[in-house]
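Each of the next two complexes has chain A plus one other chain: chain B in the first, chain C in the second.
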Partner chain A sequence: MKSKSALRLENLDILIEAVLQKHLTYGPLAKDGEYAWQKIDPKSNPYMGCAVTMLPAKHILQPVWQDIYSFKFGNGFQIKEPELAEKIALFGISPCDVNSILALDRVFGGRLIDPYYWKRRENTLIVAANCTEVAGESFCTSWDTGPELYSNYDLLITELSDGYLLEVGSPKGEDVVAVLNLPKATQDHLNEKAVRLNAARAATKKKLPVAPDDLHRFLKERFNHPAWVPNSDACFSCGNCTIACPTCYCFDIRDEVMPSRSIGVRRSEWDSCQLLEFAEVGFHANFRRLRIDRFKHRTIHKLSWMKQQYGLTGCVGCGRCVRWCPSWPERRGRITSLADPVEIVTDLMEPSERYEGIERPGGVIA
Partner chain B sequence: MKNPYIVEPAVITGIRQETAETKTYTLEFIEQKRGLEFIPGQFNMISLLGIGEGPFSITSSPLQRNKFEHTIRLVGSLTKALDRLSIGSTVGVRGPYGNGWPVDSVKNKDIVIVAGGVGLAPLRGLINLVAEQRDDFGEIEIMYGSRKPDNLIFTSEYGNWRAVPNMRLFLTVDEVPKGIEWPYEQGVVTNLLGFSRIDPSNAFAFMCGPEIMMRFIARSLIIRGFAEKNIFASLERRMECGMAKCGRCMIGPKYVCIDGPVFSYPEVKALPHNLLTAIS
Partner chain C sequence: MNLKKPPARTLDLKRTEVKLTASVNSNDKVKTALFKFTCCAGCQFALLYFFHQLPETLELLDFVYFKMAMRKELEEPYELAFVEGGVSTPEHIEQLKAIRSQAKVLVAFGACAAHGGIPSIKNWQTERAVEENVYPDPLLVSSIKVSPIDEFVKVDYHLRGCPIDEVEFMELIRSVAADKSPYIRGHPVCVECKLRNNICILLMREGVQEGMCLGPVTRAGCRAVCTSNMRACFGCRGPMSNSNIPEMVRTFMGKGFSAKDIEMRFTEYAGLSAEFSEGARAYYGRKTPYYHRKAA
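Moving on, here comes the complex of A and B:
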């Protein structure tokens, strides 16, 4: 999808107001010294930089708890589906997070479509924001999932030295900006965008040390590499890395019955492959009882298997797992965290394969 | 958009006690227009609203569509609640899911069926299909083992199976309690393969049971001369959705709920975290 038009935006407020007209709008707002996806109003100040929000926006499309349907007993049972008609906007979503939504689209789409995710998705306006600088834990350039978004947006914001460039990517986006009568952007504005994003790219030092197309072979060959052992030994199996990951989608289904015992709901709830019970079947048989097996499952699913299943990367390089892994890095003699895909892949390489110029984030504590 | 999570009400029209902890239920959709079209080895998600939902193989013959059967062993909360139901009770059903046994590729071929315990459940539909369409298949041998004689399921049908031309049934149990008469074999199910009269070079083997048991069966089959690609296993994994959404049933890059539950031996060999071909 090539952008149809490029416009010039003086300040965000008028765009926020235009989006708010018809959408329940979420944006990355400051919270507890971090950023979090929250509902915004005309007075909010969503962050347009590389806002690696604590949780990605996936909970807006696939809530942590979600009613699949409610049911009523009596003469068998009656089922009632929830109504999801609301129009949603994700205002200021980063390129990597948009790419993660494209992966979720394939998971929840396919032959049997998950109607809850899709109704929300179809009703979602994507107002993306390119990253003119990249957060320290992120390695989006390794996947080309950032800092620039090339397609799959309704509107795309790039911060310039003076105001913003606003690109329109779809009729849905066109509808929102039509009333604003914004002036066209000039070639200078487009040039500045390119300069700024190239600078952001160049400044991103953190890199996956194996080419994405080679990861499948690399991880397959090293499935039994000894480096998995100390890494998974230090893992708490807490599941933070999967909860924080924008492409992790696993869930549990459970029923709740009201005290009257005549009505109830069937709910889905986020789950994590890192938890011991995740793969347990009858008589406590468990095919990933060992922590190392769960640790490998998460890592390789992100870095290789999801690509095989869906044709899109299961890691977009956002760096959230790096930030929220509580594995007390000091204990391992490292500064960075255990869940970091870059660290895990580097550990699987022989010293001779580690080419010059890759920066191990933080290096090794002497 | 059709909602694939919605279950349809089905009434229990028959219950047969198989063992102390296993029953076979006959189900009919209340909406009678809809029969169930399926391949043996496929499964349904069965719900008791308010308690939960779980995957259960369809155990009846695919030729019979207006009613279908499930054979369910008491394991935990859902199966305990199912166990308390009586004729006339309603359950929720969605399905069928999964790939089923490769029925079309075994037409006119000899098949060895090896099962342990409740693992015979997903194979019963196939056995009865062969019985009903006898001329479409080659020789069939059923090798079935369980812990004790009173753990065997489908005992009321053994007479019929034995009466089918070129269908042979061999039974074994791990232990025979004192005072019980047991005219068949004792020992592990792999021992039964010694009775096989089927030429393995062009035959197929279908198995279901505890994964570690299938590991030994597969080994024996390969030693006997079965081609790895002709050996198929039905795998059990934790399932919540049955349609490749919840991620629970994944083994490596495969979803057991849509890519399986039936896999060929070489397919399983390429997967991590299984007990059939790899320890770990």
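Moving on, here comes the complex of A and C:
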């Protein structure tokens, strides 16, 4: 999808106001020294750089706690579903997060369709922002999921030296900007965009050492590599990496019945494969009782299996797992984040003999 | 001795009692008794607040014994027993076993009953030192080391936390009333904290006391109330289902916390649990934690 038209935008305020007219708008706003997706109003100032927010934007499309429906006994069995007709806008979503939403689209819209996700998704306006700077933990260039977004947006903002370049990618986006009567952008502006994004690409130093197409074979060969042991020994199994991940989609469903036992709610809540209870079935049997199994599962699922399952990579290189992993062990003489896929792959590239006789820091705790 | 009988009280104290009867037929309700051992009674007090907010609890429970709210003496039988506080005298053991033989469901109510709680700090000193500190004549008291109640009797469910959590309490009594097991998860505080979009205290506040967050190894259910208010997790709910204590100790060491700090943090509430006592000893690989050395 090629951008239909490129426009000049002097400041963001008029665009925010135009989007706010019909949409419940969320944007990356400052919170406790970080950025978090919050509702924005005309006065707020969403961050248009590389906003690696605390929770990804998926929590707007697939809420952390979601009432799927409420039910009522007596006079038969009645169900009431929530109305999800509200129009949502994601203002200033970065390219990696747009790519993660495409991956979620495949998950929730594949063989089985999640109607709750899709109702929100269809009503969502994506106002993306190209990253003219890149956060230190990100490695989006390895997957080509950033810093530039090529398609799948309604509106795309790029910060220029004076003002912004606004590209329109869909009729939905066209409707929003039609009332603004913005001037057309010149070739100079498009050139400046290319220069800025190339600079951002060059500034992304972090890179996955294995080519994305080769990862499946690479990880399959190293499934029993000894480097998994010290890695998983340092893992808390706390689930931070999966909750912060923009492509993780697991959730748990349970019924909450009121004391009268005649009314109740069916509720979903995000779950994490890193937790012991995740793969537990009847009689306390567990498919992934060992920490190393759960650690391996997350890493390989993100880097390889999700591509096999859904055709899109499960890692978009946003760096949230790197950022929020509480465990920072020493690897190869450097203090690194345990959950960092780049570091894990680098560990796996070392010959297995390197790990022979290595002292396990804490021993294996099942 | 010939004492004069005191005049009858005119004040009607019954009117000041909390009304613990609801409109529902009491036969459908679960007969409940709440006992207190060694603790601050804060969980009972928290329960009174839940009653205030959620009158529906009283549609499920019929309290036969609840000292903080009612004047009634214990009436048997009862089906559900909440036991608050740890065991710290020999008499407690007998009382606890009597409760177990009567109750169909026994619930450890709060951090002290579940893990020993704050009173368990005394376990790291000699009993003599503790008694001398508190009583003028230690020969008159015979205390023992504080234990969680499941040291002596089988406990069906644990309501952890200092104090207990309202949502978890409601889930438990609804489940007991419906005769099913409650949904109490073993996941860490990190899950509930991150779901609330909080920044990570452990990562952000390096080197300061507030950064000493036990969230990655502590069982959740508290809805991350401390970390949501920018306070580090104290570990009051005890270890999670699959905690990685050596890694937690290494993380604290890497941040420059002293052995004393680490031991105090691990022994504050749930030092008697196998996992947290391991953490308290891990720094030097010592057998006896810090407090014991000081007392000796």
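Keep this in mind: the second predicted complex is superposed on the first by the 342 of 366 C-alpha atoms of A that agree within 3 Å, B and C clash if a C-alpha of one lies under 4 Å from a C-alpha of the other, contacts with A are read in each partner's own complex, and residues count from 1 in each chain.
Rule of thumb we're sticking to: contacts are C-beta pairs under 8 Å (C-beta built on N, C-alpha and C of every residue); 3 or more make two chains touch, one makes a residue touch a chain.
No experiment lies behind these values; they were computed from the predicted model shown.
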Clash or fit (per the criteria above) of chain B with chain C on chain A: fit
Which of chain B and chain C A:254 touches, first, second, both or neither: both
Touched partner set for A:238, first chain B, second chain C, both or neither: second
Vertex chain A, arms to chain B and chain C (CA centres, degrees, nearest 10): 70
Chain C versus chain B - closest C-alpha approach in the superposed model, Å: 5
Residues of chain A that lie at the interface with chain B and also at the interface with chain C: 254, 257, 261
Touching residues (chain side chain C, partner chain A) in the complex: 56-57, 59-60, 174, 177-178, 183, 185-188, 190-191, 194-195, 197-200, 202-204, 215-217, 230, 241-248, 250-251, 254
Chain B - residues contacting chain A, complex: 1-7, 9, 30, 49-53, 75-76, 90, 92, 210-211, 236-238, 240-241, 243-248, 250-253, 255, 272-275, 280
Touching residues on chain A, where the partner in the complex is chain B: 68-69, 71, 73, 76-77, 79, 81, 107-108, 110-115, 118-119, 223, 249-255, 257, 261, 264, 266, 268, 271, 273, 278-283, 285, 287-288, 290, 293, 296-297, 300-301, 304-306, 308-309
Residues of chain A that touch chain C when the two form their complex: 31-34, 36-37, 54-55, 59, 64-65, 233-240, 243-244, 254, 257-261, 270, 272, 275-277, 291, 323-324, 326-329, 335, 361-363, 365-366
